[in-house]
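What follows is subunit A paired twice: with subunit B in the first complex and subunit C in the second.
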Partner chain A sequence: MPVKRTGFFIGLLVAVLFALLPFAGESYYIQLLTVIFYWIGLAACWNLMCGYTGYIDFGSAAYTGIGAYVAGIIMVRSGLPLLTTIPLAGLGAGVIALAVGWPTLRLRGAYFAIATFALAEALMQVAEEWTGLTEGGIGITIPQRLEEFDYYWLYLFLAALVVAITWWVEHHKHGYALKAIHEDEHAAAQVGINTHTIKLKTYVTSAFFIGMLGALEGSRLGYFKPDDVFDVHITIKMVIMSLLGGMGTVLGPVIGATFLQLIEDYLGAQFLNFYLVIIGAIIVCVIIFLPRGIVGSTIERLRLKFRRQP
Partner chain B sequence: MKLKKASIVVMALALALTLGTAAPSLAAKDFTFGCAVPLTGLFGKAGNLVKDAYTLWMETVNAKGGIAGKYKVRIIFYDDRSNPQTSAKLVEKLITKDKVDFLLGSYGSSQVMAASAAAERHKFPYISGGAASNKLYERGFKYYFGTLGKATEEVRGNVDVFNAMKPKPKTVAIVGSNIPFTALACVGYKKYAEKYGFKIVHYELFPIKLKDYNTMLLKAKSKNPDILLVGSHLGVALRVMKAMKEIDFNPKAVAFSYGPTVPAFVEALKSDANYVFAASEWTPALPYKGPVFGTAKQFHDRYIKRFGRAPDYVEAASAGGCVVQQVAIEQLGLKPGKVGKAERVKLMEKLHALDLNTFYGPIHFDKDGANREHPPLAVQVQNGKLVTVYPAKWAEKAPMYPMPAWKNR
Partner chain C sequence: MSMLIIQSLINGILMGGIYALYSAGFSLIFGVMGVVNIAHGDLLMLGAFITFWMFIGLGLDPFLTLPFSVAGLFVLGYLMQRLAINRVVGAPPIMSYILTFGMHLMISNLALVAWTADPRAVTTAYSGANLAFLGLTLPWIKLITFLISLGVIGLLYWLLNHSQTGRAIQATAQDREMARLTGIKVDRIYALTFGLGAAITGLAGSMVVAFQDVEPGMGLPYTIIAFCVVVLGGMGYIPGALIGGLILGIVGSVSTMLFTSGWSIAITFFLLYLMLLFRPAGITGKGIVE
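After this line comes the complex of A and B, so read on.
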């Protein structure tokens, strides 16, 4: 499959080029890209599970929160170095995802969305109330922090990894199975796909990465409270970015996250008083005119174009 | 057909983007200040107050020719949408992209925590007049300063005023929302209530997003406290007042950590706002005076003239932060276009060393960046107006106490 491989290597090359960027010196663009990579990572995790299976998770912020608190509490209590706590945070999120996904992934459509939404809200309440562990609403201060460029590289690495996994899934049996679930779960089960296991695997993988990203971001901020890291807006942003870019495509979340962060950054500086209105209008326009997202709709058009030609 | 539509949209967008790019070029004679505040989201209302305070300072200084009488002030404002991640990013942007000379602080402890950490890394002094969480001062930062008192101390006036009452009330109930500022206010209430020998009959922190205040307050009502102390910001204070009336909860007095001093409080509640107590750090009745704005009363009058409303103490504290930074810049003789890392280190040292009287009261930062404690104050809404009722030496009127029952009002 030469075409597919070319795509992969181009992606790898782009990632390597971005990895070299900090050597050109510190600038605001490094900061901006750090945040963009963080969101690409999150949106790609959401897309991996929800874009491919069509299961809408409205509680992904549960895993940024778990990640942030697991890493934070371990650092405060035991003084373990930050970098060792990150995989532990991923594992924490993964274990919870396993426990939650096992029953809830048998739910379909709106029921799954409601269950996951409730999960994130419930965990936020737990973090608020369990003051002995989390310090509740007063918030928790993280004692360690990495260098600026380390966050840049780590977010780039994690985002690239999740996108690479998505690419692999897209071209692998696993991906066909997920797409089959999206199209018709009953039919998928009847042709011999173990739909529950495959959904669970994907869900746990996605939660594992969200947990690590959440933990890193918690340390980058240096201080957070439950409603910062379990914020439903985190989930909403993942959904919007995936929708904008194109659900169920490899590059969708990359384009969606970059696009949204860039217009936010740019318009926020130029039109202080009504930039949110403009952003809202842009999102509505994209969804009306490009219903499959920027990437999804472009692919569709290209296909149509090439098919028409003799 | 569809493609055409899409390309029109794209063109319109491109046009909209290019329209905005013609940013005004900076004259080298100006000082540029950068400020990321919440203008939308949970703290949008309060953040806009801070923006007003900074705007008034800028206009006042520029009307006098500028800093040191000759360098005009320009402020770049960004909206952090009440989000700490955005706040930190925007401070980075102000420093590394917009290359501002100095920063002005934000509102809300979470935003300020994240933003001041970014400022500290770049060695930019960061003075906030809108954050009071004690945790801000426990990080060993050198470049962070706060003009407000620490959250636990800020509410002391609310307890002191009842300690001075004769006969002294006996029992208190403490409730508050669970965000840092209000939760710490409750910690402060508890500390001073215990110190003065009040009996705490009820203590509860509730989620900031709580909708049903009636049930929450029924628990406090059932304990029949003399005084209800609330850790609040404006939204919480309004909901507590509405719920108290609905469930007919009649303690002898109710006091809020923040809310009643914002003009919107009396506007929304009308006569129901009467008898309410609030802690304060500053009122126009205080005998404070200093450079730029003159006396506390003159600051107050200038505010009314410019914005058609009275300033509350957070706005005074924010403008106070501007004044102290301005004085430090003037004393160091800094010039626009020549402010680098070394100058800002000097500015930080100067801010630690200054002991300044201002319209906001004395400003003298301790080693941790906290302002030296202001004397505890309490204000009360009487006939729709805020008056200072404690301490007695500055009181405009005697406190109206006890509050009549709702059915008799």
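After this line comes the complex of A and C, so read on.
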């Protein structure tokens, strides 16, 4: 069996093992893992677009927010069951991603970073001000909730799915095209890659999954305000998790998200502001000293070590 | 009603001067190095705090603090570039976005830890003085900041085109390797450019105390406004910042008067979106798109 496929099956096995874990009894770890899977899902979505193409989305929280609000408003207004609103939330996020990506992905990466950054801020303000639709700053209460274990399984499933998509992309023509765009977009276009379409497809896919995750998290919280689900710190965490693990690698976001979430579990609650100062310092150091992240730098070292002699 | 609109147009134009000034710094940094400085609004916040503390602590007149924040921010910007950002200038642009994003987190949260989130006002004896005519008011202090802004943008433009250093900066922006071949120390030019951009941003920060209270979290909205200003005026094209700044000042002020300040941010974004859709090189068409 080729090495590629072995990796895939090991991953699948690990996911199945984690899926069986709740049968061993409820514990503190299930809750911690639920949150970790949520963040692996988000970081993997971010990595799928930004890690592979090099186009940086600084407003991914826009899609968790849209997801949470689309699902929440539909549930409140029409009483549709929670699980049917989740894909709708994904679609809502996907449509906005299409509208934002269409003009900006044609331009230099800087414009994309700027537009997405401003998008999240603007949407948060709209959610604050459009009180007729969103209840504004009073917040919205979600009438339905799943069982604790259901969130565990759904987050595990979505995270595994996005990582599997990333794996597929990595070993497929689509992934080569994305990497080519990252290296040199002009050259990629010259060898016949339709760079705009392929970036747009990836971006919309990533937003679709972020929207679904955001909708689920909204219902798990039960009650939220615009600045909870459009919070800039959601984006920050997605960026840092991918960056720490290694952007443009399959396992990078998995390792980065687990690592950061565990640190935050210990440090974050006590010193929120200092925590952010430290996170800022970590970003600066990673960029300067470890630009390929934990996984990326390790792979590079292994490759150098085991390179076949010519 | 029409008087109200004219009054808010005037307020918008006066605010637009500040927008134009620090966005010119943002545009300069982008034009020369391709660095999108996400910590830009935080530099403005630091400038505002320098003025606040010198006013409260030493009793200095806010206008007399301007040289200190220019000098302080120049040194900080020079060091930021020299020690960190220079290492990623040649790397893919995403590295610099993420790096300055990390700097934004550090600066704004350190300020929050040090000074708390309380808004602080700088109120002088002459803060309320204004020129009143036809039922309109024109606060002297804001008028002066506007004139200083225009003067400094003009000075920057002149320096870039007519001084030895300015021409070296332009040469480096056009072709890094050719500039190096002609004996320009590229690293030093980059640090100087960043210092210059930070200095005029600090200046704008010192003057922004005439318009709003000072608080550690004030930077981020200014960064977003700078994005919009330079996209309107053309990324990397300095005189464009003036056009973009005035437009954004007016749009912000009029939409705040007609709706609320929350909507005005949404409208600003919508304007940005339309520009990116139809005219990404800015109104003048001189922005860097590729």
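Worth pointing out:
As a convention for this text, the second predicted complex is superposed on the first by the 281 of 310 C-alpha atoms of A that agree within 3 Å, B and C clash if a C-alpha of one lies under 4 Å from a C-alpha of the other, contacts with A are read in each partner's own complex, and residues count from 1 in each chain.
By our rule, a residue touches a chain if its C-beta (ideal position, glycine included) is under 8 Å from a C-beta of that chain, and two chains touch if they have at least 3 such contacts.
Everything numeric here is computed off the predicted structure, so don't read it as measured data.
Of the two partner chains, subunit B is the only one touched by A:L267; subunit C is not. In the superposed pair of complexes, A:W168 makes contact with neither subunit B nor subunit C. In the superposition on chain A, A:F9 makes contact with neither subunit B nor subunit C.
In the superposition on chain A, contact of A:R108 is made with subunit C only, not with subunit B.
Touch criterion met: A:E128 reaches subunit B and subunit C at once.
Shared-chain residue A:I236: touches subunit C; no touch with subunit B. In the superposition on chain A, contact of A:L276 is made with both subunit B and subunit C.
Residue overlap on subunit A between the subunit B contacts of one complex and the subunit C contacts of the other covers 125, 128, 273, 276, 282.
Those residues of subunit A lying in contact with subunit C across their complex are 50, 54-56, 58, 100, 103-104, 107-111, 113-115, 117-119, 121-123, 125-126, 128-129, 182, 232, 236, 239, 243, 273-274, 276-277, 279-284, 287-288, 291. Residue ranges on subunit A touching subunit B, taken from their complex, read 26-28, 31-32, 35, 125, 128, 136-139, 141, 148, 217, 220-225, 227-228, 233, 265-273, 275-276, 278, 282, 285, 289-290, 301. Only residues 2-3, 5-6, 9, 13, 16-17, 20-21, 39-40, 77-79, 81, 83-85, 88-90, 92-93, 96-97, 109-110, 113-114, 117, 121, 133, 135, 138-139, 177-180, 182-184, 205, 207-209 of subunit B touch subunit A when the two sit together in their complex. Residue ranges on subunit C touching subunit A, taken from their complex, read 30, 34, 36, 38, 84, 87-88, 91-95, 97-99, 101-107, 109-110, 112-113, 220-221, 224, 227-228, 231, 235, 259-260, 262-263, 265-266, 268-270, 272-273, 276-277, 280, 288-290.
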